[in-house]
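The structures considered in this document are given below.
You will see two complexes here that share chain A, one where it goes with chain B and one where it goes with chain C.
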Partner chain A sequence: MPGIASGLYNSIFRRNVVFLSAVFAGAFTFEIGFDQTLNRFWDWNNQGRQWKDIRHKYVESDEE
Partner chain B sequence: MAPLPSRASTLLRTCPRRLLQCLNPAFATSQQRRTKADVVERSSGQYDQTARFESPFKNKNDNPTTKIPSFANYMSKKGETNNKTFQYFMVGGMGLLTAAGAKATVQDFLVNMSASADVLAQAKVEIDLAAIPEGKNVIIKWRGKPVFIRHRTADEIQEAEDTKWENLRDPQPDSDRVKKPEWLIMLGVCTHLGCVPIGESGDFGGWFCPCHGSHYDISGRARKGPAPLNLAVPEYDFPEDEKVVIG
Partner chain C sequence: MLARSALRSARTTCNARSSLGRAAKRFATSSSSNATSEEASSPFRLTAAGSVATALAVGSMAWYYHLYGSSLYAMTPQEEGLHATKYPWEHEKFTKTFDHQALRRGFQVYREVCSSCHSLNRIPWRALVGSTHTVDEVKAMAEENEYDTEPNDEGEIEKRPGKLSDYIPAPYKNDEAAKAANNGALPPDLSLMVKARHGGCNYIFSLITGYPEEPPPGVEVAPGLNFNPYFPGTGIAMARVLYDGLVEYEDKTPATTSQMAKDVVEFLNWSAEPEMDQRKKMGVATIVVSTALLALSIWVKRYKWSPIKTRKIVYNPPVGGDPRSRSH
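This part shows the complex of A and B:
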């Protein structure tokens, strides 16, 4: 555990530039994951009630 | 000249002495109590680079009334690096969440300001040109404004291109106003005060505005009357040969 902590400290937290860049890069990736997770949950919670689920009942042909 | 106050004169007399002390180390050492090591360092001009600290409370007998509490119970057993890493991790994690939240907030505001789907759906108009015979006008509505589409004949194209456009009020060649010479597409709003001109009338065989008598030629250029500019040409495109998309 001390090896992980000191490695993390020396690689990321020691230089402010690296720290800030890591924060913003982390925010970017976090947002993608967060959005995907929430969207998946929403789709699961509303199964069979969204237009994409019932579209095939009303639209037979592929174009319009 | 008034005599100096006694304190000021004393200061004046001692100042040169102090200066001398600063300049001459040997003199200074004689004046002040110094340790032997300091004197050696000063005179050789070299200082010890390693920092030293000696606790003034080391010898208990020196300060019998001073009691130093023990902080051992409050000190971390995990060591410095672990705690420091944890603190920076929490700070960074908080910053990460804040940055993501701030970005989402700003993005929501900007998305809110952009055109909605129903506006975008009406922003483009597609017209089948095959239904318009040569030499006929069609007026369609686009974004709440009339748009003139004229299928020009070869004579009209020739006339529009041969006009001496350099001396017109708003000089513009016919090639700048059309993408295909047989299709003239422009906004049907008079550039004077915004009436809708009447097609196939006027002195120049183009459009005539009944409100204040502006005449436009077969390329939609202002030729006579109060109109200051040519009829505006909207963005349009021919995705297929017989179709035009305005907008």
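This part shows the complex of A and C:
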């Protein structure tokens, strides 16, 4: 535990520039992952109800 | 303890005065030495002022409530209209979207039935793309209608076929034309109708499926109106329009009255809030994130307070100090 804490301190918290960049980068990646998870849940919860689920019925007939 | 001793002292002074005369005896409280003063000290006399004040307060509040408290209704229950039945709409659940197949059917019902009287002014053709129809389908539908062009070099306004950016055309040129064509009754615009009526989806569904075969006995329906118990006032200019098999669905769904009503109500809910998916997703995200932050803040609070909550304050008396503390 002290090894992890000091490693974290030395790698991230020691320099403000690194710390601030880590905050911004963390927020950016977290948001992407969070939204993707949420959208996956939404699609799973609404299977067959959304336009992308029924689109193929109408698009394919137009192209053929 | 203090109060009891004060009472006792009052009692003794009263007993002392009771020997002076009968008038003084009445105010004496009960005491073991004087039996006659017990009946003279009635609790009613003691609490008279309090009782009157309480009765006055309660009475005035009751009178005030009687005058102003009850709610007023400007309309009779008949004028309010029947309460709509609450239906378990799937798309109203807070993680569910619209059934887009139903939206497509609902738009078909609107286009073939409702649109002969009702406009849908706030929905452009492009809104249907990616929700109910493909681009090509919507383009074809839009081109069936004519729209005004911008004035040309001579200032003339010509006609052109519709584009995706045009709005769905209204059946009448303006409200006056709509009234003139409908016995003076204006068919309301349906774009925001689900939001605009109490009961929303339930009300509209109940209304368009709630026409009885004939008005109940004793009800007078004004000429040109139809009886509908769900409509405020019960006299509605719109007659029943949805009958079984009125439209033919392209996906072979049986077009019963309630099926068409359900589809068109869901479509009207979509037209009232096409942003519903976005809103619900954002709501779920907000709840998830704020729950995590709440848990985090509770943990931080407990962490910071734990030394304060678990500390002990111990008093160590000085050894061989004040002799009075060891007197017993």
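Convention: the second predicted complex is superposed on the first by the 60 of 64 C-alpha atoms of A that agree within 3 Å, B and C clash if a C-alpha of one lies under 4 Å from a C-alpha of the other, contacts with A are read in each partner's own complex, and residues count from 1 in each chain.
As a convention for this text, a residue touches a chain if its C-beta (ideal position, glycine included) is under 8 Å from a C-beta of that chain, and two chains touch if they have at least 3 such contacts.
Not measured: the values here are computed from a predicted model.
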Quick check for you: in the superposed arrangement, does A:F34 touch first (chain B), second (chain C), both or neither?
both
Which partner does A:W44 contact after superposing on A: first (chain B), second (chain C), both, neither?
neither
Could you tell me if A:G26 is touching chain B, chain C, both of them or neither one (first, second, both, neither)?
first
Could you say whether A:I54 touches chain B, chain C, both of them, or neither, answering first, second, both or neither?
second
Who does A:L8 touch here: chain B (first), chain C (second), both, or neither?
first
Chain B and chain C footprints on chain A meet at residues 34
Which of the residues in chain A come into contact with chain C in the complex?
34-35, 38-39, 41-42, 45-46, 49-51, 53-55, 58-59, 62
Residues on chain C engaged by chain A in the complex (per definition of touch)
95-101, 104, 130-134, 136-137, 277, 281, 284-285, 288-289
Quick one: in the complex, what on chain A touches chain B?
1-2, 5-6, 8-9, 12-13, 19, 22-24, 26-27, 30-31, 34
Quick one: in the complex, what on chain B touches chain A?
79, 81-82, 84-86, 88-89, 92, 95-97, 99-100, 103-104
